[in-house]
Amino acid sequence: MIIEFTPDQQMIREEAQRFLREQSSSEATRRVVDAGASHDVGLWNSISHELGWCAMAIPEEFGGLGLGATEVAMLMELTGARLACVPFWSTVCLAAPLIEAAGSEDAKTRYLGAIAAGEIAATVAFGDLSVADPLAVTSVKAVKSAGGYVLTGKVAQVIDLAVADLVIVPAKLDNGAIALFTLERDAGQVIVPLKVLDGTRPIASLELAGVAVSAAQRVDAGGLTAAAAQSALAFANLGLAAEQLGAAQGALDVTLAYIAERVQFGRTIASFQAIKHRCAELVVGIAEARSLVFGAAASLGEADADESALEISGARVLASDLQFRAAEEAIQLHGGVGFTWEYDPHLYFKRAQASAALLGARDAHLDSIAASVFGDGGQK
Amino acid sequence: MIIEFTPDQQMIREEAQRFLREQSSSEATRRVVDAGASHDVGLWNSISHELGWCAMAIPEEFGGLGLGATEVAMLMELTGARLACVPFWSTVCLAAPLIEAAGSEDAKTRYLGAIAAGEIAATVAFGDLSVADPLAVTSVKAVKSAGGYVLTGKVAQVIDLAVADLVIVPAKLDNGAIALFTLERDAGQVIVPLKVLDGTRPIASLELAGVAVSAAQRVDAGGLTAAAAQSALAFANLGLAAEQLGAAQGALDVTLAYIAERVQFGRTIASFQAIKHRCAELVVGIAEARSLVFGAAASLGEADADESALEISGARVLASDLQFRAAEEAIQLHGGVGFTWEYDPHLYFKRAQASAALLGARDAHLDSIAASVFGDGGQK
Amino acid sequence: MSDLDTFRAEVREWMASHLTGKFAELKFRGGSGEGDALPELRKEWERELAAGRWTCPGWPREHGGRGLSVAEQVAFQEEYSRAGGPGRMGHIGEGLMGPTLIAFGTEEQKKRFLPGILNGTEFWCQGYSEPSAGSDFGNIKTRAKLDPVSGDWIVSGQKVWTSLAHLSDWIFVVARCEEGSVGRNGLIFLLMPLAQSGVEIHPIKQIGGGAEFNSVFFDDARANARDVVGQPGDGWKIAMALLGFERGISTLGQQMSFQQELDLIVEISKENGSDRSPAIRQRVAYAWTGLRAMRYLAMRVLSDDQSAETRREALTYKYQWSNWHRDLGRLAMDVLKMDANVVSHDPRRERLQQMFLFARADTIYGGTNEIQLNIIAEQGLGMPREPRGKL
Amino acid sequence: MSDLDTFRAEVREWMASHLTGKFAELKFRGGSGEGDALPELRKEWERELAAGRWTCPGWPREHGGRGLSVAEQVAFQEEYSRAGGPGRMGHIGEGLMGPTLIAFGTEEQKKRFLPGILNGTEFWCQGYSEPSAGSDFGNIKTRAKLDPVSGDWIVSGQKVWTSLAHLSDWIFVVARCEEGSVGRNGLIFLLMPLAQSGVEIHPIKQIGGGAEFNSVFFDDARANARDVVGQPGDGWKIAMALLGFERGISTLGQQMSFQQELDLIVEISKENGSDRSPAIRQRVAYAWTGLRAMRYLAMRVLSDDQSAETRREALTYKYQWSNWHRDLGRLAMDVLKMDANVVSHDPRRERLQQMFLFARADTIYGGTNEIQLNIIAEQGLGMPREPRGKL
């Protein structure tokens, strides 16, 4: 297998890059962060309606373009680089893959169609955002009722909840199985936006105090299977790893631009060898992470699903380490202005910390890989 | 508590440094390594007989100087820096403290006196050199007989065994308690010197195929207590940490001398900033390790024994990491000659790997510290 | 009980009986990342300390201090921090300005300025850094021109990273008083009141949302003729001496506060199950080890040990503590997991979040990591100096 | 089954039926740190390969190769390594000298030299590095003087780090042919037989006890007039082109051997209980991840992807694999614990010990880590070049 982008993919990438450079500026991101807003409305409109990015990986039968993980990873990388404040990851990498993997045909037609058309933003209310298998952890309970179900429970943190037109709620049935329910806006749920350090990605809590839903709102095709969960989470983690890679590249780019101009002791900071070596080491880390992200993307669906999951776990490890390192170097190499609100490094830095904990920190992903490499299913 | 050397300690240190600079050269070490010899006979004679270093920490009542851990750590640091091929650590930091902590009065008088007088080299046959509590791991069995005991078992690796005039063998009694036995030369044991990568510290295996020993050769005062074992191991680890610190300093010194002369691209290697920063980071590591080694030495016997054990574990962690890092930087910064037999870095490097595994690798020592800091006695 | 133990008990007792009532709110506040928190109450606390003669306890008795020994000063710092004593608003006056005036000031200057510092009524800030200078301290562009009529100095230029300027009364300023001079020559050390036209203070919002630092703009601001320390041209010498006065006694108090942060991390990890992660456990143990090593390094530096090793290794202290603290911040967030990102009113979490963010400044201000490593290599190891460029 | 699968099966079958009998001893030998092991048998193995037309399979058919595609060459390398194929004695001839002659050699040179490489009967080594040059490749001091009578070149000087010179027949030498020239100018690329008076070869004993490298001394040694590649003065151009021929196809075979080492580590850790250490488990998982990333990076580089990212990131490959391998060596020793230090006849342990030691050379030869980082920063990121000194 040779890894390279096709001419079509290259074109998608270049146009996305050009678009984001113009529309997703540092100023645009800051406007959202400083206002505590849920997202950049104009940017999201362009992405979802005009550019059709949400349709990219959705099968053609549901109104999508039928392209794959590589295209989505490319776009995630680029939105990550600009810290674009849009519910793209939650819609395209959390909600859509979960519906595709576990949804009924009806649900797919309805929701994947709406996502592909850019009509809705969607998210998933995972029980615990910080674990590697968040679909297994749910405290929301679904009790059968006359017309459908009653949902009860609280979810501490849901990404992009305030902006989402649709939230998918995994909930535990009486028999212990997990079912998936959809809630549109104002369907009885209580949403409380949280004040977060990383203002580029909004989080809110979700409370369901006995919310009655119709049977049609249950969207899984007979319970969430392990294979469906694995497939959805692979996409979520791959997209996140790509975004983290992009944010690392973005932090390095910002830093390179600064140190090429800033003069100390009569020389640009960029001319000091110790600084050069540290920037070069970031390139090494980027090369590793980018190779694994796009290698895993190219294999996804072709290789064995377990093998793909391991590669994607590895990509998360490399990308999480890299993103933090790139962001901390951005602060350090900016010197005095590096820890001010006015310059960009702190935005990359807070995003790095918040992303590292999402869907399993590095140690959890390494443990999964070890369980497979040692063939013992986990530490004895 | 203010940590500084007294004028007496400074004098001991300076004289030892001068002596070792003359007598423990790189050539002297290489002669031992290349010949596969057990030690540098002349150097050991000077150290044990003429300079009386073995008497340093032995109580005055047993013929020693009654000085403390600080003096021994100083000497260990300096012999470590020169990779001196002498059974100093085994004699002074393994055997003597074990006899002092657990020995009968008779044994102390006899063996501590001989060590203080520089008459013997001694060692301990730990059951497993790679664990943090090697006195608890013993496969040698002692069965009571008419005239005393019969010892049976095999010990895979004993440091300095071939040169030792006396080996202390911990052995398990019928009732599960550990007793200590001494064997002088040719007392029925079979000694097989092993070919080791780190030729600066010889190791041999010990086989006891039913060796009869007299009751007088049992030297513990009624079984090895946990407190006695802790006290002996504290000294062993402190001495080793000091030696590792010294070896790190020695590797850095060798490297600084080389890169100050070696010219590349029309400049000395030492003038490249990335190289300067890496050398400076080694100084940071040395400062940390030296502070903890001598801080722990100063507290030993004054602070609570558990607290001291933690500090010494911490010193082993810092010193093991540091020693390896200094040695690998020595190879790397020497460039092409760094991995040749002819230059010294490989000697420091092999010593670093071998020492890191001795008496518990870094992770084991960190686990002990964590058990105490979390107050839970180890991972749940 | 040794004299030192008695002394410790006295401090403990005083803190317990005074850091209470309205001052209880100050416990553990005003530290990393929130140097500008609760300023009025903290100034009142300075006056409370003064009333107990606990400001400037290390100053000589003849200048109003207690003349404490190094060991006693260490004990005071430790007990102060252990009791949760808040970040000291008077730190610059007590630790830097006062000792500098005692060494270099005129009798008149001492009489005028020392009491305000001792009494906790006048607060000082430091005018060293400049926007274009950064780590290159010799590259000072702020100018001081002699007014031949009054003998006063007229100052124009900009200082930056001036900690708590917006809450201070006076600033000491290093400025260029000889036209055309470069580097360390031709500098003057001036004392200037901040409340005057010609001085503008702009807070700099920092990573955690606070604004401890400021830019201070001078536009024909005035320093009185009698407020020059030393002679015009002595600025570099005085400035360097001032930096040397902070002998590191406060570092042991700082370490006590580090210990509290580490304790918090352990406490939270036991609550939320992070203590079951082997990697977290090892990182906590490693942090414990590093802190203990720093403690002993500080004790070596505070001793009179003049060995080559101790002098060289003293150069590493800033690098050590700042990087240790930075790593501790990351550990704290990893222990908090997703909660790390959410602002709550749990004061423990808030403290760790602010620490995490502001520790990013630790490796930059007061000499960046890169400058520290240059110093260690060049001064500690005698390696070749970095060449100056010509841009 | 795809064509590539068929091809793989063919290679596998050939290896299984030939790496047997007397050659079985060669399995997994001649790798890191023991490039000089079992030389005679390995030369015989080269002739065995040649008989199967498996030497130089990537060369064009008209020059005796199989003209394999990149994908086929990769498959060959992988299957060769998977089967335990020994380190290739003919590597320099096949991978570097041959392609250089095909590109720049005269017809006569091709006719004279290519068959010996193809048949596994003539072995080459590389005369680039010099003791005073080190990483500073332009600083070549070996001189080549034209003998006006014969047209031959008379060579004096010293080359160092010449891999397997003592087991080779020919050496290619970059020498200075223009008196007074400096840097990249005035160099010549010469082919020289090693068996001549005027050439002395001194093996350099290395860290693991082996002696793969040599110093080669030239004292009025002779290169025949017809054995200049390109024109006198073209030496730099030819030398750089030669380095570029190794397109990295062999790296995938190397990765297969890395994977075998990692498998060994896992196997041993399960035997001796190291697999119960959470830290060891995480390090193994991290090594697995790094290897997988390198695999995909190599595939990107081998593709025709000319994007800025791929071209920049290709520069990192040497740094990545060498540092990954170095760390793997340490992991192997930590897994072995105290056994790491003891030499035994367990071939698994021996292999890991040699790997541990020799991997220290990986980050030095072929461009040190420091040079690699300079290249990445300067060529990859366009950062300012390091200034040359004047010593």
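Which chain is which? They are A, B, C and D, in the order written, and residues in each are numbered from 1.
We adopt the following convention: a residue touches a chain if its C-beta (ideal position, glycine included) is under 8 Å from a C-beta of that chain, and two chains touch if they have at least 3 such contacts.
This one's a predicted model, so the numbers in the text were calculated from it and none came from an experiment.
Chemist: Could you find the chain whose CA centre sits the greatest distance from that of subunit B?
Modeler: It is A.
Chemist: Would you say C-D or A-C is joined by more C-beta pairs in contact?
Modeler: Of A-C and C-D, it is A-C that has more C-beta pairs in contact.
Chemist: Rounded to the nearest whole Å, what is the centre-to-centre distance of subunit A and subunit B, using the mean of the C-alpha atoms as each centre?
Modeler: Taking the average C-alpha coordinate of subunit A and of subunit B, the gap between them is 52 Å.
Chemist: Distance from the CA centroid of subunit B to that of subunit C, rounded to the nearest Å?
Modeler: That gives a centre separation of 42 Å.
Chemist: Centroid of subunit C to centroid of subunit D, CA atoms only: how many Å?
Modeler: Here the centre of subunit D sits 55 Å away from the centre of subunit C.
Chemist: For subunit B, what residues touch not just one other chain but two or more?
Modeler: Counting only residues that touch two or more other chains, subunit B contributes 268, 271-274, 276-277, 363.
Chemist: Could you list which residues of subunit C touch at least two other chains?
Modeler: In subunit C, residues 278-279, 282, 370, 373, 386 touch at least two other chains, as defined above.
Chemist: Under the definition above, what is the set of subunit D residues touching subunit B in their complex?
Modeler: 129, 132, 134-136, 139, 160-161, 204-207, 209, 277, 279-280, 326, 330, 333-334, 337-338, 340-343, 353, 356-358, 360-361, 363-365, 368-370, 373, 386, 388-391
Chemist: Which stretch or stretches of subunit A touch subunit B in the complex?
Modeler: Listed in rising order, the residues are 272-274, 276-277.
Chemist: Applying the document's contact rule, which stretches of subunit C touch subunit D when the two form their complex?
Modeler: Residues 278-279, 282, 387.
Chemist: Using the touch rule from the top, collect the residues of subunit C that touch subunit B in their complex.
Modeler: 70-71, 266, 269-270, 275-276, 278, 281-282, 284-286, 288-290, 292-297, 299-300, 302-305, 307, 309-310, 312-313, 315-317, 319-320, 370, 372-374, 376-378, 380-381, 383-384, 386
Chemist: Residues of subunit A touching subunit D in their complex?
Modeler: For this pair, the touching residues of subunit A are 1-5, 10, 256, 260, 268, 270-271, 273, 276-277, 279-281, 283-284, 286-292, 294-296, 310-311, 313-314, 317-318, 363, 366-370, 373-374, 376, 379-380.
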